[in-house]
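See structure below.
Chains here go by letter, A, B, C, D, E and F, matching the order in which they are written, and residues are numbered from 1 within each.
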């Protein structure tokens, strides 16, 4: 990670440093998203390999619950997100923020979900909102 | 409540009984909605009369959180409902179901919110879903 | 409910009163159990009538989760009970206490489940333990 | 409860009605406090009669936790109250409000505890705050 | 951790790599168990050194609650585990999984506890189930 | 971090080692406090930069709730701490422990708050109490 910058001098160093900082930031953000997804997949595999039928069916049901119906996917993922936030489950929040991002929810909309979650669930939701905000930044910078 | 029906006989009794049962059901349902709203208003008044500024401002903020913005009122009330369900707060559920009803959410949409809440929050949400379903029937029969 | 006892006098009144008190107690206890079951059935019917597939499947899954497997029904109902207690869901507690009673769990065993729930979940579980104890007495007196 | 007021007429009826309303309100309030305490005592007796040692010792410990120490009783009861509020346990709230009342906490102080609980725990604490406010009024009117 | 493997070549490298990977996996798993236990012991010592009597007695009581009685240790540890899972306390889960492992609970039984916890507590229990599954693998590979 | 100690020998090494261990411990403790505060500030900035009015006002209100009033700051911070503990929010706990430390709460008083939290909230609060105890040690060693 430590790149020599001895060949840079004068105002150019500021310019290049800024780029490097941005690149590093994007790199670390990607790591945040990737690590979450990797651990999730790896452990899901372990759990499914044990062939517990109730667990398997619950997971299928979980997928069904968010499919298009009388309410569309986007609304349902927002419901999943706010529910995860007030229940203060960081991994559930990350998962639904990922889905919300895929489905094109805007930053402004996301923060209105955050607001409802913080009003209903109180300031104990704040630390989870911080981690949610960090994960959102990671997703957004990944896509640039 | 016990009305004499001795003057009724033959098939007409069935017809009138059915009407009476429906009327009584609507009557009791109205009571459910009315009692909830009355108690809520009465105690809100008591609380506000004590002039605690933090409480007052929190309640104003609560109103703001559900106003039209990047997300519309309807979506926000659905968010409020699902959050109340997974946190298993019967009175909060009633309040948001009332708002969802006012804003024209359909029974089918409501039950998809119930489904998300029950999947995320588990079967401990079921008893609250029962009371939510009862309250919804009350609201619907009130409006007929 | 008000029975005339004017024809009773002397020591016999004490004897008969005691029987009456016991009978009344059993009567009220039965009401507690019956009311819980009636409301539960009635509202389950309302919910199922709306044909939300996720809700239906979740309820089937819930039934499966407590069937004999690597662990027997009895152990699983005890697991369901302790989970309901620490999550402080009175109706869920009643349901699982009913099942525990059917499956022959003793009062002493029940109170050891109560003890684990109160230690893990703290004294906020106590009020729910009171209602659980009341319901257990109702079930036991029903069966006499 | 229905007292004849046919002998009253003119402006005096307003005066006496007001007294009657106040008396009735105090009467019902007392009932609220009494019923809570009675049920609590009755069920505590049932639970203790089963001789579960862990339950008994936990209850002793609970008493110890609120005794004078590095912090005084009053502060500890306030801690118990705010903890009960954010955990949304109505009976626990009533118990600690009763203790706070005995120890001379003022209405203004009580509402500042309510404010902290509502900020930390969010608006889902509001319905419990309503019932807490009602119980406080009952205690205050009892003491007049 | 970086072992030179330059002296290996041909098919033997695959064979030895597989052993090394397995050894490394066991090594990391042991670290997971060891780190949990070490931190737990170290901080318990700090807490006990402050001589708060209520804390000390609560911890003794906690030990008593899981001893053989009308229910055996094994059942009680399963109760403790399911309670910890629905309350989503990762460290409590690890502790009780450790005990369940010591008492000879099978993987199939463990996953039926997981299933009850996930049905009662909902999909917000899933991320904790992942970490529970990981810890179980660590315990099992430790014992090989 | 790796300081050469080759120039030390005999009993002096024990003496200096002890100093070094203490210094290192203080260093790591400071890191714990610093990291918490840095992450908190950094993410608060991100959140506030999105200009969601509800979030901003809630945070202002949060500040107001802990100001001197009918109850003093110190009592209110203790209320905030116990509420955070029973709701098991590690970051909230750290924040309020920091405030309690600033306002001069003693270790004995802190552990009485811990005791109330553990009695009300049960042994699932224990792991959070461990992390709270660790953070307190960090704050205390920072100030020496």
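One rule holds in what follows: contacts are C-beta pairs under 8 Å (C-beta built on N, C-alpha and C of every residue); 3 or more make two chains touch, one makes a residue touch a chain.
Treat the numbers as computed from the prediction; the structure is a model and nothing was measured.
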Result of counting contacting C-beta pairs for E-F and C-E, higher pair: C-E
Same or different contact residues where chain F meets its copy chain A, judged by the half mark: different
Angular offset of chain B relative to chain C [C-alpha, multiple of 5 degrees]: 120
Rounded Å distance, chain D centre to chain E centre (Cα mean): 42
Averaged-CA centre spacing for the pair chain B and chain A, given as whole angstrom: 33
Interface hub residues of chain F, defined as touching at least two other chains: 54, 58, 61-62, 65, 83-84, 86-87, 92, 108, 111-112, 115, 118-121, 123-124
Touch-based graph of the chains, sorted into line, ring, star, complete or other: complete
Interfacial residue positions of chain E with respect to chain A in the complex: 88, 107-108, 111-112, 114-115, 118-119, 123-124, 126-127, 129-131, 133-134, 137
List of chain E residues in touch with chain D within their complex: 53-54, 57-58, 61, 64-65
Residue ranges of chain D touching chain A (in the complex, touch as defined): 86, 118-125
Residue ranges of chain A in contact with chain E within the complex: 39-40, 43-44, 46-47, 50, 52, 54-55, 58-59, 62, 83-84, 87, 89-92
Residues of chain A touching chain B in the complex: 61-62, 65-66, 69-71, 75-76, 78-80, 82-87, 92, 106, 108-109, 111-113, 115-117, 119-121
